[in-house]
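Working notes, beginning with the structure itself.
So that you can tell them apart, the chains are marked A, B, C and D in the order they are listed, and the count of residues begins at 1 in each.
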Amino acid sequence: MTSQIKRGVSLYSFQNETFQGKMTLEDCIRTCAELGARGIEVIGEQTFWGWPEVGVNQADIDNWHKLIKQYDCVPVSHDYMLDYKRYKGRPMPFEEQVASVRKDIDFGAALGMPFIRSLVSIAPEVLIAAAPYAEEKGIKLLTEVHAPLHFDHPWIIRMAEMFQKSGSPALGFLPDMGMFLDKFPPVWRAKFERMGVPVHIADYIVKAYEDRVLSEYVILEVQNMGGVGPAIAMAETLRHNAAFEPKRMLDYMPMIHNIHGKFYEMTADYVEPSIPYDKIVAVLSQGGYDGYICSEYEGNRWIEDAEEPDSVEQVRRQQVMLARLLGEPETPALKAAA
Amino acid sequence: MTSQIKRGVSLYSFQNETFQGKMTLEDCIRTCAELGARGIEVIGEQTFWGWPEVGVNQADIDNWHKLIKQYDCVPVSHDYMLDYKRYKGRPMPFEEQVASVRKDIDFGAALGMPFIRSLVSIAPEVLIAAAPYAEEKGIKLLTEVHAPLHFDHPWIIRMAEMFQKSGSPALGFLPDMGMFLDKFPPVWRAKFERMGVPVHIADYIVKAYEDRVLSEYVILEVQNMGGVGPAIAMAETLRHNAAFEPKRMLDYMPMIHNIHGKFYEMTADYVEPSIPYDKIVAVLSQGGYDGYICSEYEGNRWIEDAEEPDSVEQVRRQQVMLARLLGEPETPALKAAA
Amino acid sequence: MMDKLMIVEDSLENVDGGFAFLGRLPYYRGLGLSMIEDIQITIDGEVIPRENVRFTVRGKTYTLDEMETVYDDRWNFGEKALITALKPGGLAAGPHKLEMAVRNRVSYLPFVPTTKCVKDLALAA
Amino acid sequence: MMDKLMIVEDSLENVDGGFAFLGRLPYYRGLGLSMIEDIQITIDGEVIPRENVRFTVRGKTYTLDEMETVYDDRWNFGEKALITALKPGGLAAGPHKLEMAVRNRVSYLPFVPTTKCVKDLALAA
């Protein structure tokens, strides 16, 4: 049976290529379209030069719509940042933060997005104040629940309670699947080994992570093993990552409208070794989720010191995995290069 | 309606008095009995000199049973430690750890305890290996789930899965109510102020805790406010404490056999300002809990620099609060001193 | 991220009053200029004083102190800024070791990140 | 915890070859001697070398190095150990500032705690 869940891509995935000008916006969108990942998510200020401080040329917005139409894609989310530390030494005043969110609502609307993504550090009070305007514009503000946070963290619980109390349908969540880190990612380990972590310490950390040992114990043990610098840093990654429970999304399904399909590595046989996508898709299906899972490739930063990331191939592999898990009859494939 | 839940005290609560020889074991037990807190929990090696390295005199064990009988009390738990770092530079071998747990099972049995308390850092493999012996001796091994851990932490989830898979009824949990820290405890704040934390920084941290702000943000903000030493330390307490959800105990009720009624301060009107005992008792009742809640006073270490703790009065107040929450008709009271 | 790509290859040149090269922000997005806390240039082991660094994008040039209160301009994602170091006489022709370290104030991060790039570049004679 | 109670009041005395006082473990339980990593004594600002410290409980005396492999004896909860500092001539009569710092290896703690107590004590003439 084919799932109701739809496939998409955050163009964040192609950052190494777009940074260097190796892929244009059209290349990105065409790639997604070829893979049948029709939902397109962008970090506004990554894809559109000038946003937010300078503003975006209308021509660039027109070009976006042209490409979306041309490749039969669907706008999903504009991920905005809200730089509340814009002013050195003083926080941005509350009303200015709200006004800033309203600006991003406008920009999201101009791009035809149903959602804009808020970072988890944005105060719920700001989002609640901006919610009526979002409703007016037909936009939902989705707070990204991202490790080290998770759906049982007091910050998220408080936020959910405040969203519900507000009664606004414009307030919801966008879980990032990185919070369900089941195993220590092999690409993380490899990078730490390149930085000088001895094999036996790396072995210990990987095993301790699988055993779910409390991070502080792992850090002390690595110190006792004689670990320094990068070994301590490798152990400290455990402070900010954990194998949280996918099932905890079930309590919040009516508030979840988009998903970040975070991944660090897709192997040639279409496996993400560290994130349990089979369990994740099962939970989302059980919860009746019918939105997009947008690929979010983040292995780039873990391998770029040693090799040039091939983000397109990585995204292709994840899309193949997702299509299979979703019960799609066809295997996503790129058209052969002309 | 009177609850099925029973009241007890961990003699840990009287540590400042027993350390100084101001209260004997009989004083402790008599105090509990007078308060109607008939369940007695001990940290074996606090109450019984010699345990474990030297061994305990039979006369001391006889005295324990005499006192328990004389004051009509009930042994609840021997809290053991398992010093797996006994040997400098090398961990205690697995079999020796298991043998050590067996020794504590014997000691718990000698004291007539139904439970012995394991620290959360003890590997589940060790407990599972010791479980058959515990079954034989009629003892349950209860792992104390204590902040920063909680029932949604991967370490606890893995442990629970392993306990369940083992099939042994001797393996369970002892939640410490400190993991449900709803507010920043006033006695913590007062101590940090005595250590030099400026009022405005203390205000900020207390408020940030109530707002459930992620600890790392609070630490950075305190740095930005010019906080040093004790101010950073005050912010760092948020790393290891959180307002976890009492309702998460419900998933594990059949494995929960004892409760640590952790508290930092009981005000004169019988309120613990930082731990929501009303919610906690409601959840335990909903879950059909019928074991003991044992008072565990830990405010001592937060005030002893400024004043002599009055542990008996603190325990009395908590017992009054518990009796009320449990719907008991009588208010616990100490007999007037002779 | 993008650490290795911060200094643009073959971009080192002498300019009037010093030397310059093209630099990119090591980040998956751009950043308003007020949030660029520092750009530290080191050439052959010698640190260029902060007041001698200039930052130019799209024809506008700023000192680092000026940037701290610039709220209407950005260093865009992947944008090649011209980073100028005032150093009378510039550099001698031949190989040079160039280091660039950028410190940003990022709202959502609970720390202030500094990212560094070191490159051996040749200055054409 | 119990920091203020580590050094027992009025317990300072001169002994053969040095001075001594009664000390308690700042902890809510006891500890096997092999887990006492260090007891540092400072008198009037002068640190007593580790090899000159002796620890005595229930009639048995140990050096700190010996304690590291003692698996059959303990420093019990609240137990007053005699802590001796070898210091030829001992101390002069009158007031002294005594400092005691204990470092323990505690299995369940993700760090190695050191607890310190400072007291002004008088040595009777």
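Worth a mention:
Basically, a residue touches a chain if its C-beta (ideal position, glycine included) is under 8 Å from a C-beta of that chain, and two chains touch if they have at least 3 such contacts.
None of the values given here were measured: they were computed from a predicted structure.
Minimum number of contact steps separating chain C from chain D: 2. The pair with more inter-chain C-beta contacts, choosing from B-D and B-C, is B-D. Taking the mean of the C-alpha atoms as each chain's centre, chain B and chain D sit 29 Å apart. Averaging C-alpha coordinates per chain places the centre of chain A 55 Å away from that of chain D.
Centres computed as Cα averages put chain A at a distance of 39 Å from chain B. In chain B, the residues touching two or more other chains are 120-121, 214, 216-217. You'll find the chains touch as A-B, A-C, A-D, B-C, B-D.
Listed in rising order, the residues of chain B touching chain D in the complex are 12, 15-16, 18-21, 43, 45-46, 49-50, 52-54, 81-88, 119-121, 300-301, 304-305. Across the complex, chain D meets chain A through its residues 110-111. Residue ranges of chain C in contact with chain A, taken from their complex: 1-5, 24, 28-35, 37, 68-69, 71-74, 76-79, 105-108. Taken in their complex, chain B has these residues touching chain C: 214, 216-217, 219-220. Residues 120-121, 148-149, 152-155, 157-158, 211-214, 216-217, 242-245, 248 of chain A are the ones that touch chain B when the two sit in their complex.
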